[in-house]
Amino acid sequence: MRDWLGHGIVVAVGIALLVLLPAQAQLYTIINATIWTAMATLALSLGLVWGYGGILCLGQTAFFGLGGYAYAVAAINLGNSTWAVPLAIATPAVFAAALGYFLFYGRLGDVYLGIVTLTVSLILFKLTNSTSGPEYTIGSARLGGANGMPKTPFLNAPFDPAVLLSPDTIFRVVLGALLLCYLFCLWLLHSRFGHVTLAIRENQQRVELLGYDARRHKLLLFVIGGAIAGVAGIGFANSAFISPALFSLATTAQVIIWVIVGGLGTLFGPILGAVVVQALMSWLGTLAQVHPALSRLDPNLVLGAALILFVLLLPRGLWPAVTSLAGRLRRGPGR
Amino acid sequence: MSGDAVLVVKDLSKHFGGVAALDGLAFTLRANELRCLIGPNGAGKSTFFKCLTGQLTPDAGSIRFAGREIAGSGTIAIARAGVGLKMQVPSVFDGLTVRDSLCVAGQRRLRGRALDGAIAEALARLDIGDLAQRLVGTLAHGQRQLVELAMVLMQEPALVLLDEPTAGMDETEIERVAALLHELAQAHALVVVEHDMRFVANIAGVVTVMHHGRLLAEGPADSVLADARVRDAYLGNSHADG
Amino acid sequence: MDLTAAVFLQAASAVAALVLMSAGLALIFGMMRVINLAHGEFLMLGGYATILAYGQGLNLWLAALVVAPLVVGAIGCIVERLLIRHLYDRRTDTLLATWGLSLFLIGLVTTLFGNTTRGVSAPLGAIAIGNYSMAAYELALIGFAVAVVALLYLGLGRTRAGLVARATMQNPDMAEALGTDRSRVYAVTFTVGAALSGLAGGLLAPLSGVVPTIGAAYMAKAFITVIAGGAAAVGGTVAASGLLGSINSAASFFVNPVIGEVALLLSAIVLLRLLPEGISGHFFRTGV
């Protein structure tokens, strides 16, 4: 975490992409990049809560989906995305506060916490999946059941619903949001709050014997994670499609895989993992068109094998491997 | 060395199932007193400590610390009130450096330069300055004990409870701890649970002996250790089993 | 009167299904504390083994009662030796690795057999209960569940092997000092757990058909049942299945099946909040 050079490089690359990519790339690439950025934000939220807080939240997608749905419902009802954005961040945050209170003040153990959070996401999946009929609306927004919400409005210029943002601008906004969240997490982890959070991850009992209310710290961290996941949901709503799939087991599995592959316990790792794995899946998809036999190769097969291999062989993930390699190179040959 | 009573325990009882771990224990400690607590296994020493730190709620009795009743209060409240615990198996932050651990321990009360000063002082006092940047998880057992003690001291507790502080230490470290305890007693009240009788004889003023959850004997180290009842308790000659 | 009987039998059948789904996991997670996120896939593989064997002309009962457990038991043995064995003290890593295994198995089956649903109609036809009719197969499930529970109870509680297994799980070092081969006990227990799951998958296949992703439907319920049941593999699972299965059934009947599922999940969460050690952590503590 004292690796300012690493953080500096990450932020610099992010800013470069923000400025340069839209000019260089086609629409299809921009939209894909926006989706990937939204997913990377989701990965970051889990990386914060799990990697630094030690909270095994297997249902981070619950907050992601809530953010997406809240944005869509609010934007449709208000006809204006300006207030939909804070609403879409507040909704999963409030939900995280309630769920977190139950989890941390009830002193539920690790495994149970994971199962409960997973179950919550699955409950939301089942509920949204069953909202197919026209009677399922919130205000004037149809929930659409398994088919998802039709016609989610794009972001518009603040307070001016007539001016819709272009895909280029939306990409910049979403990437900008990711950068802001990243910097915020960086700041948070270096603050007093962050120090205590890390200590809680190491030994909650000792932290409480030192006089801190560990439950409150975890709750706050959990809410922050939920809010960041909500931001990801907004990004996803503006580049892809709001449907129950946001809450599904498949999505939640992917987020966890991204964090593991990228590096649990780092800030950039989850972001890297999200991009790398999604790029890999995309590439496999194109491969299938080249070699027809490969089209039968199911993506789950590859994802699953990758996860197994990482856990067995590279349990710390990609980013720590990169940074430690860089560290060794920097110290020079012959040390 | 005497002063007002900082800890007054009366009639403390705690049962687990049918077994009375604490059975009407009485215990008084003055400010700046260094007390050793000894007793055979099962005497109730750990249970007593857990009641003092708030990890357990006693079934009956009272614990008054610095004038306030703390029996049944939670761990966090009691820690804030000024009770520090150094556990038998070091309870530390393996993934943090020694310096960061001390930082967490002290930052609730101190900030900025005052915090840095307090950390430097704690490192010097326990002579672990050269370990400051090491990860606690990589340290030897005896060193981890010292780190834990340093963390507890950063809390500036009025009462320090130490559960077998010299377990796993070598001769030099034990001597360092003995000297440190004497020094600490000038500003804190201390209760030390120990099994190493030489260490007990070396450091203590008053020794309290527990047996079957209650007070068996109390007095200066040499007279207590020579007491026949105490010997019997350790050798299991009294009623029932230990 | 018939309505009561019909509702009761429906509930019993739902409970039986839960018991079957969870039995294997009760051994693997309840006893061994291995978080096997591929449990649903073990059930799925049992279903596929049954339906494919039946498709080759084998009698359906043989396919479900013999082929399925043998096939999945063998797969379980391989998985234990190659993967699980390395991760026994690493809980989070086990969770992730078995999740990877789950995805891998789903992908493998999809690649080999495609992702359309395959089914076989449930044998034994329908039974009339007054004015209502119920699939006789669902009633047969009750019988099978009872048989599995009896088998587990006797196997764990009354045989030497069962005793050795329980001792090893509770205190592996001590058991080793007394001469048991810890590694073999783990391997055998995991294999038996997998075989049980395969059996359950085979028995449940005629009711819902098989598709590579059907494991997900079983997984959450099985896990929740085992956790809610607590440490006792048999007693806990039966108690939890009874409670949660009844709630599921009642809610499905009086509202709709989606709410039934949601009710099951919610009640499990509430149960865990009240009894963090599961049912058998607070009641029947010394049971099997």
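Just so it is clear, A, B and C label the chains in written order, and each chain counts residues from 1 on its own.
In the analysis below, a contact is a pair of C-beta atoms (placed from the backbone, for glycine too) under 8 Å apart; a residue touches a chain by one contact, two chains touch by 3 or more.
As the structure is a prediction and not an experimental result, all values here were calculated from the model.
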Highest C-beta pair count, chain pair: A-C
Identity of the chain that, by mean CA position, is farthest from chain B: C
Intercentroid distance (Cα basis), chain C paired with chain A, Å: 32
Whole-Å gap separating chain A and chain B, where each centre is the average of the chain's CA atoms: 45
Length of the line joining the C-alpha centres of chain B and chain C, rounded to whole Å: 49
Interface residues, chain A side, partner chain B - complex: 192, 195-196, 198-199, 201-203, 205-213
Residue numbers on chain A that touch chain C, as the complex places them: 56, 102, 106-112, 114-116, 118-119, 122-123, 126-127, 129-130, 249, 253, 256-257, 260, 296-308, 310-312, 315
Chain C to chain A touching residues, read off their complex: 35, 83, 86-87, 91-93, 95-97, 99-108, 110-111, 216, 220, 223-224, 227, 258, 261-262, 265-266, 268-269, 272-273, 276
Of all residues in chain B, those that touch chain A in their complex: 53, 75-76, 79-80, 84-85, 91-96, 100-101, 103-105, 107-108, 151, 155
